[in-house]
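Take a look at the following structure, please.
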Amino acid sequence: MKSNNYITGLFWDDTELIKAIKEIQDKGIAIFDVRTPFPVHGLDDVLKLKRSRLPRLGFVAGAIGGILAFWFQSWVFTTSWPLNFGGKPFFSVPSFIPVTFEMTVLFAAISLVVGFLIKSGLGPGAENIIFDERTTDDAFLIVVKITDNSQSDNIFEVLTSVGASEVKHVEPTKTDTHA
Amino acid sequence: MKKYWKSIEEYEDGVKDDHAHLPNKIQASEALKASRRDFLKYFGFSVASAAVLASCERPVKKAIPLLIQPEEIRPGIASYYASTFYVGSEAVPILVKVRDGRPIKIEGNESSVMTRGGTSAQVQASLLGLYDESRPKNPSFNKEEITWDKANADVKEALDNLPADKTMVLLTATVISPSQKALIQKLKTKYPNLKQVTLDPYSYSGLREAYSDIVGEAIIPTFRFDKAELIVSFGADFLGTWLLPTVFTHQYVQNRKLDNGQKKLSKHIHFEGFMSLTGSNADERFVIKPSEEGKYVLSLYNEVAKSQGLPTLDKGGFESAVKEVAQQLLNAKSASLVVSGSNDKNVQLLVAGINTMLGAHGSTIDLNQDINLYQGNDSALEQLLQSCKQGSVGALICLESNPAYNMPDAGSFKEAIEKVGLTVNITAQNDETSSLCKYVLPASHFLESWGDAEAVSGMLSLTQPVIRPIYNTRDVNQILLNLLGEDISSYDYLHQHWQKNIIPQSTDSNPFISAWKVTLSAGLLSVTMDKKPKSILNTNLSSAASKVSSDKNTDGLELIAYQSVPVGDGKMANNPWLQELPDPVSRVCWDNYFSVSPTLADEKGWKQGDVISISNIELPVFVQPGNHHQVISVALGYGRTMEGPKPEVIGKDVKPLFVSKGTGVKYHTAIADIKNTGRTYELATTQSHHSMEGRAIVRETSLSEYLKDPASGNEMHAEIEKLHTSLYDKHEYKGHHWAMFIDLNSCTGCNACVVACNVENNVPVVGRNEVRRSHEMHWLRIDRYYTQAPNDPSSLRVVRQPVMCQHCDNAPCENVCPVAATTHSSEGINQMAYNRCIGTRYCNNNCPYKVRRFNWYDYNGADSIPYNRKDPAGMSTDLKRLVLNPDVTVRAKGVIEKCSFCIQRIQEKKLDAKTAGEPLRDGAIQTACQQGCPAKAITFGDMNDEKSVVSKMMKDPRRYHLLEELHTLPSVAYLTKVRNIEEKLNAEPEHKTHS
Amino acid sequence: MHNASIKEFTKDFIFPKKGTTVFTIALVIGFLMTVVGYFVGGIDGHRFWANILLNGFLIIGLSLGAGFFVAVHLIAESGWQTSVQRIGEAMASRIWLGALMIIPIILGVHSLYHWSHTEELDALLKMKEPYLNLPFFVIRMLVYLGGWIFLLSKIRQVSLMSDTNPDIKLFYRLRTYSAIFVVFFAITSSTASWDWLMSIDAHWFSTLYGWYTFSGLFVNSIAVIIIFLVVLQKIGYMQHVNNEHMHDLGKYLFGFSIFWAYLWISQYLLIWYANIPEETTYFVTRIKGFETLFYVNLIICFVAPFFALMSRGNKRKSDWLLYVSIVVFMGHWIDTYLAIMPGAVGAEHAHIGLFEIGMTVMYVSVFAWLVFKEIAKAKLVPENHPFYKESFDYENIK
Amino acid sequence: MYISPLREPLVTGAKSYKQVTDDILNPMEGKPGKFWYAGITLALIALGLGGFAMYITVWEGIGSWNLNKTVGWGWDITNFVWWVGIGHAGTFISAILLLFRQKWRTSINRSAEAMTIIAVMCAGLFPIIHMGRPALAFFVLPYPNTRELWVNFNSPLFWDVIAITTYLTVSVLFWYMGLIPDIATVRDRMKKGIGKKIYGLLSFGWTGSARHWSRHESMSLILAGLAAPLVLSVHTIVSMDFATSVIPGWHTTIFPPYFVAGAVFSGFAMVLTLMIITRKALNLQNYITVGHVESMNKVIIATGSIVGIAYITEFFMAWYSGSVYEQYAFVNRAFGPYWWAYWIMMTCNVITPQLFWFKKIRRNLAATFVISIFINIGMWFERFVIIVTSLHRDFLPSSWVMYAPSWVEVSIFIGTFGLFFTLFFLFIRFFPVIAVAEIKTVLKSSGEKFIKKGDRDEK
């Protein structure tokens, strides 16, 4: 059974943070998460985060939206009930373009946001662990998950040594599934 | 078409034949092929008609359904009854369309040789008078309602007991009914001291007196504009209001059409002081002061006489001005016709003299056929006033004459009538006279009456009721019969009278079947006349000439009174359809006004809407190009104070300005007293810009150019046609493809079509204030433009163009409707689904012709919001709603509406053809505007039918489409206007050409 | 990056001997094709002059688009563009070449422009005569060319001055000239396209035409800048240009291809929708007899770059960008062809033959040759540009 | 990341991360001032007037407006286009400027986006209220029904419905996704209580995890990539409401890009109007600096000049087309009865923004404020000129009329101001006006504390 304990190290500067992360990683300690008040430049490289697949989701959803919209308009105008509007052809492609475009964007945008929220475990009422409330203000936090309690002292030390101004042991009450 | 099942049973049994419940007629094998939509229509018809019948206004006394349905009544299917329109001015044979017991439309009677089915705006609108709630509903005595029995008994008793030294006067409108004349004769026999005096709302006394001098009888001969190659009119508005305008329009356009290879046009020269409808149609127009009119006539007489070597009369003073006219008259000889609208006997004598010299009498003027209208005599009226004032009149019975308004000197009449002991007003309207009379005997509307008419001698027509009297009224014959004490119904009386006196004279009566029934059904009868032929007796015109030449010329401003085309003599002044009908010249409605020329307006510093006062009558100024610069014109027929649901007085009665003693009524006068009031008044106009701005909207040419090249003036059409490119193919119209042609040469602008359209299509009346806000709802309008060379008012010309939805095959309006409320039918009709319309008005913005109309308010109560109805004209009362055409949806607030090509008529005739199993005959479908047009300027048909008239017209080089360069492909086409003049009209219109 | 390595990466370009050979051969081939095409194809005056116009406009468009690219980035104080600025400058400074190529159309006005036949003008062209007449046409052309040559040469001159003089004032002066050029070009790009292209169909008009033409020549210039860049890289220069720069150029090509398509569809949709003959005639003449090209044009100017450059990865691959750029260049050649030929030559006589291809090969070789020569004249990066350093230190968001 | 010293700091006053948070959240954490109460009261009064006028409109009918048989659209659609135009700045700033890596956007994108959303809501009112039968507005949606009657996909009004709803949706998503981290900041700074609960709910459980940030940035970029053409498309489609027609003055091909430029132009002007007041009222001068204003003013010259060129192009082409209708339409604009509207438009939109070529004016807040209001007025008149002067005299002179609004139309317009400011006051009360997290990202590269003040020539 894995424990759900964490050790957090607090920093006050993003440059120091990056430096500390590198040092921690050099020491072979896996960083569970980093909490920052803003997207720190270069952090994903250091943490070797994979590039998000959201763009692909957006493309697919957009394509579906566009194709659906174009198909629907064509179906209505040529099959369901072909009506003569001002002598325009039933299959009046130029007229379908604006709506096709808008639907493409709409589908892509909604799917992106929904995909982002689901993937990140965010949403109305989502309750994720907040290790330190200052991380949304001006503090930077390195979170290390303790898989083996024997490691905790070492981690404590390492965090302090790389310049963390506060190092804490956190036992969250809820399972942290989406960190 | 997909079939939908509407119940489980149906689903299980398969979709049933939808037509099982239909009348047998529809169940014919043809009908089995009908679609579900047709079923819904039939079903809708029967439900709707049931509802209509159930809600009929009549008190239900015998609530027993018809066990055996009368053969001629079929719910949802209209019947037509022949009748005659006559309310004191012109008489027009009509057919009345009755749907489910309600008269809902008046059409012209096509069997009439005089009109060939033509109508006028007034004829069309007269229908509404039937549903007028302000009509007197019961007989009354001193404004207390009494029964007919009592009224009859009392009046009869009073008449019987009238002292012998007192005369009794029957003051009638002109009676053209033979049966009524006979009754009056009987009355005269019964009461020897009864005197009949005729009062016309507009006097033609001078004309009759002139002919009285010439032929010995005070007749008005018939004028044959169809036989005239040259028409010279001195102020006679024969296309608008003079005598028989509907008949004359029909005659006039016979020589103005260029179809069927006709290469000749009659020529029309017009002299007048203000811009009249007829003047605006003239080829040449001379603007003269009314006081000079007689001298112009005299000058013309002299010129004609001089050229023919006949003795001339006193100098008129305008000989040189009319020299050319005289020359043209001499060229045309007996094919010319000179008419005058003057009420001056002397002028009419001179006109008759010219006609005599030219040989027009007997050619374009038929002395042996009289026009029986306007039998009034001005001096008789003056005598009547005198004798009333002297107290020698003991009883005055007004019969549809409304002297309190119609008397030339209505003010004196109101004093005079106080001296009369017994006063009776027999009237169908709650008119001004009723309040002055002791007894009011309510007459029925002519659509509720039995009667007959002989407007032109020998041409008889019948009037028959098409609905039971709505109120407790009786027709005039019945009232007279009652007064005579004869116990006979007016129907029986009429029948007997005709059987005895008229049918035997008939030239075409068939002895084998009941001639009466045939006549009644046809509504018309011609009889031979056994009068002896009339001829010119007296040709001495010197006294007339000396009187005319001695008339003083006035230097100052002159005022002309005229009858406007919509309102006329004011008889139907409380008819909202007519009040909202824009004047064909000024395009102003809901008011009369002082029209002044732009020159005069500039000189006086007046702007349109400035209220000025002439002899204490205050009216706004309207700037009217084409008026003489020293002439102010004003319409009669306004300022009626009759009571009604809307007691508002519309305009001012200007008759008091024209009171003259001893010389008969003159409709022009010198202006003595004119003041600015400093106030302004906004006139309700439907057109505020009067120039075509160099655009090829109305295309015209001259006859000489036309003869050289029939496409002259229309060169643009071929060029544009050549350049028509499109980025997509045209839709195919496999069945019908409807088209409408409007011959601009035939259209005189009389506006009959506009009212016909309003009546047919339930077009709401919105009232003066809404018209001011450009909210008028007319589906069809007649645009009027002036063209004029710069700084040359004499070159002013008027062109007109009826514009309705053009039913474009590439309609810009249809493209943009977001909800598909307006689409193109498979027969080329631009159709509106009112139910679907959400009212974005996008279509209207996009319509280059601006023919779409938006329901700005709840004009007729079709809205579901309570208390928001905007019906200033009172058109949506329960009674007036009965006039609505059940085949046409009443539109709710917030939807767009427009001309539908009378889709209901198209569908009806298609269905008729289908049930008869015959192909649809070309011409079977007539749109309302087409049918109402007295000039037959509108043609409707199927351009896919190669033999149809419109298909032939498609090849006419005069054909063009409005704004055709936009490639909207309208289904409405126009034929160029060709004027009978020499000059070249198209000095390269400002348009572009492509290589 | 250290200064030393930047120096290495940005070493000056020396025009290689091999280049002379390559361009000479290309020129000769082009010339031969042109001559052979002329005689074999039976080229008439219309087609001859139409090709002069087509290639002249294409070449001057490249200079103008590149000039606009440089100028706009200068006034917008964009950093990254500094790395490729010299290519744009070199293209722009060869504006006189484009001018020389376009001026000959004055000799061919009667073959190109119906309105120049003053003796047989219809009413509409008569009405337009105050604008569409030969003297005014020539005057306008001289004004455009003079203005462009002056301003673009000035930009190049000041930029070159900055190589030796680090004064920031030079940058401000450069910015001023750029601003003047942008304003001048904003107006003249429209009027020039009306004069030279739109007036071929003298009856036709479209308010969008100028902007549409501008968008085409601009995206075409970006494609050509990319081509020059990648070619230089392939022969060992311009190594300072990294993936981020490629990514930005790719985005440019992608974005402006979409922008071009946007203007194309805006013009087409509105004319198609209203379907008024005076407007539809333009597209009708361009579809009838040119069906394939009409749609191919759309595909290679829009669909191809759109899908080819949609993904982030593709925008960062210089080879891929090169191919796409070549396709885009061909697309805009077709676009210009479609703008000129249907009106000037007509569907019956216009087709793409040896003559057309040869002439373009010839023109393009001359242009490329001279641009390479021009690039060789100066440093490959403006080292004293105030955003020079910034240009190397940025990243695109992932 | 190296930043040229030429560039001006985007955050002045030596701010630390903490100070950034404090400064920006300060206005919403304290009690609202008199100014706020006075403002929202006025706004609510205006909103009430508008509501009453709309009630009259629906009850009585469109007849309570002064539109007529010829001029079917007047103030309604003028206001609609005007508000939609204003609603273009926000997404332009956050999407297109993001793509162009313009860092100065970070200080204004939040409020500009909020303004966008509110403006689009104001705009959205008009297409509904201008209908004759607004209760049936749902007819424009292609919902399945037994008659198989859909809608007309040819209609630009239908495109409009789709475009505006898409635009509103995407703008709200974009704005809200950007807000989440800041809401989390608010949440975490709050003591326990109902406020914390609500902001907790609204923050969607944001923690500031590096993974979230990475994904968030990626999503933002693609949303920006989608929103950029979307911004163009919305006003393009609005322009097609006119340009697809055949009416002279409406039907012209330049409309799509020209409307977009005009929309951005008016949007920026409105952002400036609001920002110049807001920065003062909320004490945010260090974040919305003169440099920001200058950058926006540059966009204004660019778009204003594009619009000016479009005006001239249209005028020239009207003559060049040789069509009497086109020629008349433009002569009528400039010299017809509505000449004043045209010249107000020309003065405000073409002439006044040219003053921004002068650096002194560009960097002068008072001048910018005045000019921004001029532009707002000018752009309103542009739409009025396009709609009313084109319609009131089109093809057939017989139908030519004049149009002036009724009190109802004016009141509805005032009402939308009421709605706009009501929502804007609520926004500045309950949400951070500046994107806190985004400011922090540029603080080190562009904050005064970290870089030297630009050595650029201040002359």
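Note that the chains are named A, B, C and D in the order they appear, and that numbering of residues resets to 1 at the start of each chain.
Quick note on the criterion: contacts are C-beta pairs under 8 Å (C-beta built on N, C-alpha and C of every residue); 3 or more make two chains touch, one makes a residue touch a chain.
Nothing here was measured: the structure is a model prediction, and the numbers come from that model.
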item: Pair of chains joined by more contacts [C-beta pairs], C-D or A-C; value: C-D
item: Chain centroid nearest the full-protein CA centroid; value: D
item: Where subunit A and subunit C are represented by their mean Cα positions, the distance between them in whole Å; value: 42
item: Separation of subunit C from subunit D, taking each centre as the mean of its C-alpha atoms, in whole Å; value: 34
item: Separation of subunit A from subunit B, taking each centre as the mean of its C-alpha atoms, in whole Å; value: 79
item: Geometric centre distance via CA averages, subunit C-subunit B, whole Å; value: 70
item: Sites on subunit B at which at least two other chains make contact; value: 728, 810, 812, 815, 817, 820, 966, 991-992
item: For subunit C, residues that touch 2 or more chains besides their own; value: 124, 127, 203, 269, 271-276, 278, 398
item: For subunit A, residues that touch 2 or more chains besides their own; value: 44, 51-52, 55, 83, 85-88, 92, 95
item: Sites on subunit D touched by subunit A in the complex; value: 1, 16-18, 20-21, 142, 148-150, 152-154, 156, 158-159, 162-163, 166, 169-170, 173-174, 177, 180-181, 184-185, 187-189, 200-202, 204-219, 222-223, 226-227, 229-230, 233, 236-237, 240, 436-438, 440-441, 444
item: Subunit A residues touching subunit C - in the complex, by the definition given at the top; value: 44, 51-52, 55, 59, 87, 94-95, 97
item: For the subunit B and subunit A complex, residues of the former touching the latter; value: 728-731, 808-815, 817, 820, 823-826, 969
item: Contacting residues of subunit B [partner subunit D, same complex]; value: 4, 687-695, 697, 770, 773-776, 781, 783-785, 801, 803, 812, 815-820, 836-842, 844-846, 848-850, 853-858, 863, 865, 868, 870, 892-896, 962-963, 966, 968, 990-992
item: Subunit B partner contacts - residues on subunit D that touch it in the complex; value: 59-63, 66-70, 72-73, 127, 130-134, 136-137, 139-140, 146, 149-152, 154-158, 161, 241, 244-247, 322-325, 328, 391, 393-402
